[in-house]
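Shared chain: chain A. Partners: chain B in the first complex, chain C in the second.
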Partner chain A sequence: MASVTLKQVHKRYGKVHAVRGISMEIQDGEFMAFLGPSGCGKSSTMRMIAGLEEITSGDILFDGESIIEKKPSQRNVAMAFETYALYPTLTVYENLAFPLRAAGMKGDEVDRRVQEVGEIIGITEIFDRKPAKLSSGQSQAVGLARALIRKPNVFLLDEPISHLDTSQRFHMRVYLKRLHLEFGHTMILVTHDQEDAMALSDRVAVMSEGILHQVDTPRNIYENPLDLFVAGFIGNLPMNFIDAQVKREDGYFYLVNKAMRVPLPEVFTPKAEAGQLPEEVVIGIRPYHISLVSSDTPGSVSAEIFVVEALGDMNVATVQLNGQRLQAVCPTTYRAAPHTPVALAMKAEHTLLFDKASGRRVPADR
Partner chain B sequence: MIELRGVTKRFGTTLAVRNLNFTCHEGEFLVLFGPAGAGKSTTLRLIAGITEPSYGEIFLRGESLNGVPPERRNFSMVFENYALYSHLTVFENLAFPLRARGMPDAEVRRRVQEMAALLHIEGMTDRKPGYLSGGQRQRVALGRGLIRDAEIYLLDEPISHLDARLRIQMRAELKNMCLEKHRTVIHVTHDYKEAMALADRVIVLNKGRIMQDAAPEEVYHCPANDFVASFVGDPPMSFIKVSYREGEGGPAFILPEAGIVLRAAKDFGGRAAEKARTGSEIKLGLRSNQVSLFTTADQLNCYEARVYLVEAQGHRNLVTVDFQDNLVQISTSPETTWQVGQQVWIGLDPRFFHVFVDGRAVYHPDRNIVFSSIA
Partner chain C sequence: MKVKKFTAMDILRQTIIMAVLIVMLFPIYWMIVTSLKPTNLILMNPPVFTFKPTLEHYIYAFEQANFALYIRNTLLAAIFSTIIVVVAGSLASYGFARYNVGGGNLMFFILTTRMMPAIAVVLPFFVIFRTAGNSAIGQFFHLGMDRIGTLVVCYTIFNLPFAIWLMHSFFQDIPVELEDSARLDGYSRIKVFFKVVLPLAAPGIAVTAIFCLLFSWNEYLFASILTRDMAKTITVGVGDFWTQRGILWGPLSAAATVCVMPMIAFALLLQKWIVRGLTFGAVRG
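And then the complex of A and B:
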């Protein structure tokens, strides 16, 4: 196991600047996710760590030692779900024991290690079988066991879950997270799926267009996104964004646009008083923090229903406000036809503000 | 409007779908939902007439479609692999179904612009498909399928390749459009949220068979069997293996090794009890928001467990606990903290038990109680 340090890592493919100066520190034993849409540079970064791609400039260190001159085989990096060529003439047990013996490990210790890994992965019952007699899931498990048995410095998972269906996904998440808990490897998950990244990792590195936007714990990424990109990318229901201006009327501050006028949440008042709020802002609020209320509620905003979706554990109302669509989570009993007039209330304590020009979040004074 | 009677499709020795019987009514949004290999796309292709049933018949307004070629069915289909014309621009791809029906140019232009705006692709109508991302191509394919008037719209995973944010937006657009225009749609997906959000009615398929045919709320709250229960929900239901006993205190579920007795709900009895008496494998199904989690034992109906896994998902912390070798998932507030291995107590309220006997559901909780508990 090792810590992994990236220092100003760049990758260019001809004219394409795929990774643009990424620096971060991954702790020994940490579960880190590289998260972003396709083309964000997450896979290139992972491949540079594995040694499958050369680094254009910068440095990568394992436990403080540069590894960029080392071949992939010398880095001791494991990739999950690679199709490991198992030896067809050897049993599952021998397939696991072979690399250990080849590395000079003694008989007793080999057996102890094979049993230990086999039990955690849950394959001791198929130890006697030959690879040809395994189902695809079983061969995958044996491949995984063989990757883990040699105690790699870093364990890389490249989109291991995204193609699975709902119930397989839940099982695979539990499995991967338990694997990390049991073995304590430094693990890096590469994914475009924010739910997988949030559920599995200790910290998430959010990337887009070769740039690292934020590295933080899932909770901080969710609650305190640094910019509009992170805010919009994280969350099982997308965050609502509303353009508005900060205006002072009769001594009070308001967030105003053509369709609404709501009081500026108090946590921003000191900044507004000090003239530190940009005039043009983007309000960010998650669907969980907008509720449908009666139209005489002070500070509420009128809108009309676009569609209501009943998802089982919650209903999601999409409403139209000034040609814009917003989503709000509502009770499972709520139903309404398109065009039904409604009023919305935004929870002040969960209202985020972003500078429209820079996209950066304006921190509140709490 | 369209009815499948005993439809079976055989490919060589494989039965892709077996004895399908269902009807899609006029103006209905019907979703075919299931895992890979369930037979969803095959069913859609049978309705479209791209493949013919091996046995059984498909009727449109009571008339058999046997032998009627796809081009004479006036159905509009969207394929998962897009099937766009690569030599035509986005505009011409969208215009194609309209021009093919001789629509005047001005009307074509108006409809194409309207559809492009709806799908957020208005800036790229001059481009050819080769210059679009996968998500953009998928939206063009969806637009081309929806742009013309057809009797039935057949949509095969039409938004599955979009990014999460866009997919949720497009889901709402699609639902609204079909409601407003009163369209008849048969939509295929493997995503349960998409199925729930869009459908008037869901048909759950697995291995070519219908597992359940019901309204989405029904599928969620009253899954017909443990397959549906394990496939629907975020997360899907957790299961606890038990045995059944009728003692002096009334019907109860037992975990014999731990000596735990879980009393059944007050209205558990009749046919459900009879099935439980005679069945061999009994499981309790639990939704993650109907189990509570405590750090002390001083609550009613609570039992010792150990934290197995914690997933911080932003809007909630999803905690998996090991309860007598059963993994049970519990939704907790994002403000709570839990440690793996921590000793905890789970609150099991018998009013929220779904009961499965040999895989089939025999009892579901009263939905009014469930609604009031999560509202």
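And then the complex of A and C:
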């Protein structure tokens, strides 16, 4: 096992600048997720750690020692692939034995290790089968077993479960988490699925367009996103964004646009007093923190219903406000026809403000 | 047992298939029949369909016309050129498929060499090989007029672009993750190619090799111009029976039958793979 350090890592493919100066520290035994939309550079970063891609500039260290000159096999990393990457002509057993034999291990030792890992993963009954005869869940289990077999320094998971159907995905996810807790490998998961990233990892690195936006615990990524990208990307129901201006009236601060005028949440008042708030801001608030209230509630904003969807465990109302659509979570009993006038209340303590110009979040004084 | 009812559409379809088959197969049937007919019955009009078959024309073709030598020449040229094409072509197309060598332009350029009619290069080839045959190196490689080395080079030149294109699709079908995985396991790129990629691409390479053999076997133009006696191939040899004394239909048919039979056998045996090769890897491997 090893810690992994990235220092100003860049990757260019010809004119394409795929990874733009990523620096981060992954602790020994930590489960880190690289999360981002496709083409964000997360896979390139992982492949550079594995040594499958050359690094354009910067440095990668395992336990403080630079490894960029080393071949993939000398780095002792293991990888599980989205497409499983099992050799189709070999049986499951032979697939597991392959890395050991390639590393020069002999007869009995190979067998012992294959049996051992086969039992840990629970695939000894399918040892004789060829990959074509396996279900996708079994294939991925074999893929994981093969990655585990060499006792790697770093365990790289390239979208290992996004191919699977929902029930198998949940199964494999729980399984992966347990595997990590039991063996404590340093694990890096590349995924575009925030749920996988949040559920599995100790920390999440959110990337887009080759830039690292934020590295933090799943909780913090969700609650305190550093910028508009992270705020909009994380969360199953996307965060609502409302353009507004900060205005002072009668000694009080308000967030104002054409359709609404709400008091500035108190946590921002000291910043506003000190003139540190940008004038043009974007209000960010999750659908869970907007509620539909009666229209005489102070500080509420009037809007009208666009549509109400029943999602089983909650209903989601999409409302029109000043030509913009916002979503609010409401009780499963709530029903309303389109164009019904409603009033919205935003929970002040969950209201985030972003600088419209830079996209960075304005930290509150708490 | 359930009896399948034929619809009008079925009958029409079957009729058309029968008609096409008759048009396609009759010449081959007639060629074989002619090769087995006694000479005096060959040109009978109306044609006779019942007769006592004879092998006299085959014996004539092999004993009088040196057909055994032509077969040997054809086989040598076809096999050697195919070996070169498969070895060079598989490495080249792997490079194109995985490392995007030449950014697509180089591969297209290679294909363009197939776009001109072969006749356009025959005369330059004639001069080149005649000159090469006079040098020591040319002698060593059996180059020159009427020599097999010349045919090997010609067939290689004309089969290589095709082989690269065909194998390219087979290599692209192999998931790159398999290679990544093998590299993580400790294989060098060369070892990955030989131990992981080649075994998986073997069916595709086999199809390519078969095509190269077929093309070389069937080649006529180069052989007719660049060979005379010693290196003459089977397709050119068939023409031997078009003599000043007239066309010797019997031996000519016998020779043509010998020429065609291996191809038909190949096609029947390897039908499935050849169709796959023609769909250019559209089916995933």
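In the analysis below, the second predicted complex is superposed on the first by the 307 of 366 C-alpha atoms of A that agree within 3 Å, B and C clash if a C-alpha of one lies under 4 Å from a C-alpha of the other, contacts with A are read in each partner's own complex, and residues count from 1 in each chain.
Operating definition for what follows: a residue touches a chain if its C-beta (ideal position, glycine included) is under 8 Å from a C-beta of that chain, and two chains touch if they have at least 3 such contacts.
No experiment lies behind these values; they were computed from the predicted model shown.
**Q** With the two structures laid over each other on chain A, which partner does A:T89 touch: chain B (first), chain C (second), both, or neither?
**A** second
**Q** Applying the touch criterion given at the start, work out whether A:E109 contacts chain B, chain C, both or neither, answering first, second, both or neither.
**A** In the superposition, A:E109 touches no partner, neither chain B nor chain C.
**Q** Tell me which partner A:E273 touches in the superposition: chain B (first), chain C (second), both or neither.
**A** A:E273 contacts neither chain B nor chain C.
**Q** In the overlaid three-chain picture, which partner chain does A:D365 touch, first (chain B) or second (chain C), both, or neither?
**A** Touch status of A:D365: no partner.
**Q** Looking at the overlay, what does A:Y222 touch: chain B (first), chain C (second), both, or neither?
**A** The first partner, chain B, only.
**Q** Residue overlap on chain A between the chain B contact set and the chain C contact set?
**A** After superposing on chain A, no chain A residue contacts both chain B and chain C.
**Q** Spell out the part of chain A that touches chain B in their complex, as residue ranges.
**A** 37-38, 165-168, 170, 173-174, 177-178, 181, 192-195, 198-200, 217-219, 221-223, 232-238, 286, 288, 306-307, 309-314, 316, 318, 325, 327, 331-333, 337-338
**Q** Quick check on the complex: what are the chain C residues that touch chain A?
**A** 175, 177-178, 180-188, 196, 199-200
**Q** Which residues of chain B touch chain A once you look at their complex with the stated criterion?
**A** 35-36, 133, 163-165, 168-169, 171-172, 175-176, 179-180, 190-193, 196-198, 216-217, 220-221, 230-236, 287, 289, 308-309, 311-315, 318, 320, 327, 329, 334, 340, 371, 374-375
**Q** For the complex, which residues does chain A have touching chain C?
**A** Touching chain C from chain A are residues 47, 50-52, 71-73, 77-79, 81-85, 87-89, 98-99, 102-103, 146, 150, 158.
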